[in-house]
Amino acid sequence: MHRYSDLMRFMGRKTDKTSKKDMKIRVFVYGREKYEEKELSDMDALKEYRDSEDVIWIDVQGGYSRADIERIGETFALHPSAVRNSLLSGQRPSYEELEDHIFIIVSQVYVKNDRIEREQIGIFLKKNVLITIQQRPGDVFEPLRKKIRENTGKIRTKGGDFLLFSLMREILDHYFRVLESLGIRIDNIEDRVLKSPGPDIMRSLHELRREILFLKHMVWPMREVIEGLYRDETGIISKDTKKYLRGARDIALQMIEIAETYRDMVSSMTDIYLSSLSYRTNEIMKILTIIATIFIPLTFITGLYGMNFSNMPELYWYWGYPTALLGMLAIALVMLFYFRRKGWM
Amino acid sequence: MHRYSDLMRFMGRKTDKTSKKDMKIRVFVYGREKYEEKELSDMDALKEYRDSEDVIWIDVQGGYSRADIERIGETFALHPSAVRNSLLSGQRPSYEELEDHIFIIVSQVYVKNDRIEREQIGIFLKKNVLITIQQRPGDVFEPLRKKIRENTGKIRTKGGDFLLFSLMREILDHYFRVLESLGIRIDNIEDRVLKSPGPDIMRSLHELRREILFLKHMVWPMREVIEGLYRDETGIISKDTKKYLRGARDIALQMIEIAETYRDMVSSMTDIYLSSLSYRTNEIMKILTIIATIFIPLTFITGLYGMNFSNMPELYWYWGYPTALLGMLAIALVMLFYFRRKGWM
Amino acid sequence: MHRYSDLMRFMGRKTDKTSKKDMKIRVFVYGREKYEEKELSDMDALKEYRDSEDVIWIDVQGGYSRADIERIGETFALHPSAVRNSLLSGQRPSYEELEDHIFIIVSQVYVKNDRIEREQIGIFLKKNVLITIQQRPGDVFEPLRKKIRENTGKIRTKGGDFLLFSLMREILDHYFRVLESLGIRIDNIEDRVLKSPGPDIMRSLHELRREILFLKHMVWPMREVIEGLYRDETGIISKDTKKYLRGARDIALQMIEIAETYRDMVSSMTDIYLSSLSYRTNEIMKILTIIATIFIPLTFITGLYGMNFSNMPELYWYWGYPTALLGMLAIALVMLFYFRRKGWM
Amino acid sequence: MHRYSDLMRFMGRKTDKTSKKDMKIRVFVYGREKYEEKELSDMDALKEYRDSEDVIWIDVQGGYSRADIERIGETFALHPSAVRNSLLSGQRPSYEELEDHIFIIVSQVYVKNDRIEREQIGIFLKKNVLITIQQRPGDVFEPLRKKIRENTGKIRTKGGDFLLFSLMREILDHYFRVLESLGIRIDNIEDRVLKSPGPDIMRSLHELRREILFLKHMVWPMREVIEGLYRDETGIISKDTKKYLRGARDIALQMIEIAETYRDMVSSMTDIYLSSLSYRTNEIMKILTIIATIFIPLTFITGLYGMNFSNMPELYWYWGYPTALLGMLAIALVMLFYFRRKGWM
Amino acid sequence: MHRYSDLMRFMGRKTDKTSKKDMKIRVFVYGREKYEEKELSDMDALKEYRDSEDVIWIDVQGGYSRADIERIGETFALHPSAVRNSLLSGQRPSYEELEDHIFIIVSQVYVKNDRIEREQIGIFLKKNVLITIQQRPGDVFEPLRKKIRENTGKIRTKGGDFLLFSLMREILDHYFRVLESLGIRIDNIEDRVLKSPGPDIMRSLHELRREILFLKHMVWPMREVIEGLYRDETGIISKDTKKYLRGARDIALQMIEIAETYRDMVSSMTDIYLSSLSYRTNEIMKILTIIATIFIPLTFITGLYGMNFSNMPELYWYWGYPTALLGMLAIALVMLFYFRRKGWM
């Protein structure tokens, strides 16, 4: 076992596991007229849903054991390699057609304590049975559950494929929220960069860039998954649902474009910060040069008449001192005029 | 409901809604010999246009309610998912074939108070009936309406697909105007960068880059929409109109190329500004170094003969003072000669 | 009507028109044994060429009116949308197959007064009749005309498609000359950058980059046009001519590669210039630091013994002054030794 | 024979050879119930495995002669050109179908003494016979051998194609470890860059970038090899194994994305370091400018009253000295106030 | 006729011609048992080879006239447009199928006097007759000729297509040598950049980048030529030879990747050099600032007590001078402590 770097964790290779006792299996059974919601603790109870006509959503969250999931796989005759994959963490979002069912892996993201959190979800769809396997308790699907419970929208009038689309929609929606929170951070940093850039700006920009990269690398395969569902040829996804998926794909595309734009903005702000540093060095140098260039020659003159040579006739002239003062003034004025003409003052 | 960042708004995710009372439905009915223009307030009045042989353009602007649009959808048997999409703001431009009609979403842009404004338009085309759904009152189609009214050009001799092309043409035309206004801004900034670059240049370049990115990300999907219309296989777009669409696609391509060139120019100007900063720092340092290098040794000499040692025979030589002066002059001349040979003066 | 930016003009959106009186229609009629060249002023005279067996090249230059071109279109039964396009300026180079004829738009470039000039040409090819529509008098085809007149090369033994290829070849040739002139400018700037870079270098590099971008964006669609001709399926372009077009396409590809290389060179030179600025600032700072670091401590010592305290016994020592001088010399030497060891001198 | 550069060696063009005496041929023969492991020294002994029903893994490591490998090739009727290629070092990973067998070349990587080491492996698969040809002793397959010996996992229940997949899986796993070790290095450098960047940072970043490039250029063709196996049409790779290969391909894709992200992070850190240098120069200049700007005028004043003019009435005023001191204090305070208002202190 | 820029020449547009008297036609005739080598001066002598069963390699080097090559073309019934192309210099590498023969243009490269030289070769392959047309005497095929003479390797047992592959292999081999020589230069420059970067580094990096670009632009079309041969559908290239070509294509791919890596290394080194300049300026500024900041206040104090006010009681205190000295020492120590704490010393 070896240490994992932050970046690897960031890319989703290693996510913390939760302990067994946190496991929760929730089952939703619904149809046009009907709605039922149960929390199961016994895997065998799942069997009764095998031949149901209603839409069944079995949601497994956190702390499951390998055996539990394999049991579910057997109950619904899911492909072993897909079941195995759903158990591994750090998977790249992917889409797989398996004879009479579909298996997809996606990542949900949300902002928690100002950090982007990521959680993998494995989803099986077999006719009207949809199984979601989540690694941690808590997810982004609460609004959808409310819609099912309260029968708002079209969700209760449609099949399992529409439920899958609705899950995707919720996930994408949270991507958008994360994108928005990044957008707000960019706006704030932009303000700081344009007004009062400090040395910590670069750090903020670096972190921002890191998170934009992270998000972009996560949206990209999401688009592939949606594309896969859209092009599905097994007939599991109905033509009607595909119309909706089309819109979801456009959203994913738009997110990629926004992430690209964000990245460009961050790199533009880096340029601004660097140029503002150069500009300020420039300004500082100007002040130093003006002061030094005016006073160094003057100081030289005072040094001149501070010399102790016995034979310095100027020292004994009556107007010697005022003449020297006037000479110095003249030099200072010429210098000032020169700098003004150069546009430095 | 959460706050939206400027960038998100920029990408068109959230546009301000206008209130119900601003809604306007304008209907144009025209043919080779015929032309009629009405402002409707009752949705039911639309029914009479259902089986017309003429070209019908129904233009809904601002402040519509969900119910209104759904009513229109029912009247003309439009696909519900498309109708739903036309109601959402912040959509990516897209093209969809729906059995006997086409639905496209595009974005029109115009410059208003020196800012690029963007507004989404949903367009349905079913045989000769074209329905445009605009989120705000005011659009870029006034010149086209004038052409219909005054029967200039070919518009009155052609069908609904040509009307769609004409709308696209007007929209693209405004993209071009926005591109041009950006071009003029680039020309102006170029002048400033090459002549008298100040610290605010970076800000202008940053804003320019932002708007170029914005425009580019909007033209790109426009090209896809036009491509979609061009490749249409439903027969709604006639072969003749496709010839015209070809030209429109070339224009979109050219705009993308121009936007790319703009972006390159902006990044080239950033380089120029940074180099001019470096160059000026360099010049300032030269002046400081010349002054300091000449006077510091001289001041040292004056300090030398300003010392109060009792035993400094030079001080009492008759030619001591003139010799010191000449020595200092010689040092200064040697220094000046050195700097001149180095090309600093 | 609104103002056009330099960049837009650069991309060919707006080209100056010439007045009617400059119009010139020149007709070349040639075959293996035959050659005729006329200047026409009457459009009706074109009709006689309609069914000729010889190759006919009708060249319209500058100052034509819309009606003139439409008349030509009718005479030879050309597609109206293509005729309309040939009238518009600022078109992107494109290739179009129109039943029994081909219409292409290309841009010819040439260097005039050290600036790259661009001029659009519309070309129709219908069997052996080739019509070129040029916006301004003067073009790059003079060498080709000479070949036809003097019957050099294969031009007189081949058909209209070979004439089209020959025109493309001449145009590409001039692109190459422009590329060469840019190459010579790059060589010159390279010399200056490596030997004596001044502040105006950035401006030259900026302009160079602009023209390279311009050229690249013009060559790219040229390649598409040639590709289109090469893949022509109407049979207008013979298999034999396609062999030649293949070479033309390779040339276009090579030009794009050269333009890419040029751009890379320009950006490399920008780096060199910026680094040379940094290096020079560095050198200047070294000189300043050496002088200041040596003399500031010495001046401090002279200041020390210039103080007027009554009780400074050193001042009255016999060897006081020489000791002070030697001490200062020692300090200076130590400093010099230090700087030499640091490699600054 | 000519010298090889480090970079070439890096890209795998020249790897050190090991001497004959290090050669080792190990044979694994296994099935569901059966397992045998032998070390061979005689090539002829291989013949007995030719028609075995079990899975045979013949592993040749280091120090083989050309003749040895050709002998193996003849024994199993392998294609001569593939055998020849397996002998050459510095090959690009590739996939080849050869009638009844497959030949692939891949590179294994591992970290040894903090350096990424690379070693080429040639793999033949002919039904259940798999032959690996490694250039040096030692590899990344030990965990797999242990699985075969101890019959853990599915390896003993599957055929030769699954063994091939398992080898690929082990190799990819080591790529991931290398990626992780790079990730940890990036984390460490990030710490240093953000806290206390020294001049050696650039060197570390340069080396890091070099290794990231190296890894990326090695993962890329790995993906092609896996893709090739996945699309295999000879039937050597079973449908079941392809399911697993799909996952392997996703891993390769993810690695490429991670490498891209790493590269971006390194370039972001370069920016941070450069900006921190600029910032520090800025800070140093500020201190110098503050000190110089305050004291240079003051020193001028002291110089003024150190002049030896006979006629300087101020010198004899009773309050002359205190007034001068107060004046200087006032100037210093004004300057300090000015700098404070500029935000420099 | 106009001047050619260095860059154009670099891209192979204009190569120096050699005079007629240097022309050499060498003919190799070989088979499994047979080998003959002749130097021809008479073109007519070529006819006898027309119907030979052996492999014939006709190698024309330098100083040929147009007529000579056309004569060869007629003798072997080669396509006129291909013959014409083989006469032109500055062609892009290309592959062409011409009924019963193949014509390819490639570029060979070699290092001569530390410069990369390039020479175009036109190659015709018609069954077993291979004709190479080289612009200058001297080439990279000497090792191959030796193999034919001494019957080493498989060359004598195979046909004309294998000879073509062998030529390609030799050419690619020389590309690799050039890549290696660039790699060694990069290693050397890397050493200098990391140890003692001088101002001439940028020039070396610029030249290196230029040559890498040059090489990359030459390898790219080579890959296309090999790809073309590999996909040949005329049957001129045997299936067996295609196996070998596959390896050649992998080599070309690898070279492109290496060139990309080289380019990245050069740009990374540019960054290092620029950062080292910034770092050194920083160091220089530190020294200046330390010296100036310590001594400027001290010098001010000495100036203070060098003033000639009559009423300066400190001057007459017994401990005045030592107190002043101690005060100055204290100030210096405080300053030194401050700089040490800032980490500057």
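For this structure, a couple of remarks:
Order of writing sets the chain letters: A, B, C, D and E. Residues in each chain are counted from 1.
Simple rule for what comes next: a residue touches a chain if its C-beta (ideal position, glycine included) is under 8 Å from a C-beta of that chain, and two chains touch if they have at least 3 such contacts.
A quick note: this is a predicted structure, and the numbers were derived from the prediction, not measured.
Minimum number of contact steps separating chain C from chain D: 2. Counting only chains that touch, the fewest steps needed to get from chain B to chain D is 2. Computed centre separation for the pair chain A/chain B is 25 angstrom, with centres defined by C-alpha atoms. Averaging C-alpha coordinates per chain places the centre of chain A 41 Å away from that of chain E. Counting partner chains per residue, chain B shows two or more touched chains at residues 274, 278, 281, 285, 288, 292, 296, 299, 303, 306-308, 312.
Taken as a contact graph, the chains are arranged in a single closed ring, with each chain touching exactly two others. By the touch criterion the chains form one closed ring, and its order from chain C via chain E is C, E, D, A, B.
Of all the residues in chain B, the ones that touch chain C in their complex are 176-177, 179-180, 182-184, 186-187, 194, 240, 243-244, 246-247, 250-251, 253-254, 257-258, 260-262, 264-265, 268-269, 271-272, 274-276, 278-279, 281-282, 285-286, 288-289, 292-293, 296-297, 299-300, 303-304, 306-312.
Within the complex, the chain D residues that touch chain E are 2-8, 11, 13, 79, 81, 85, 91-92, 94, 96, 199, 202-203, 205-206, 209-210, 213-214, 217, 220, 270, 273-274, 277-278, 280-281, 284-285, 287-288, 291-292, 295-296, 298-299, 302-303, 305-308, 312, 314-318, 320-321, 324.
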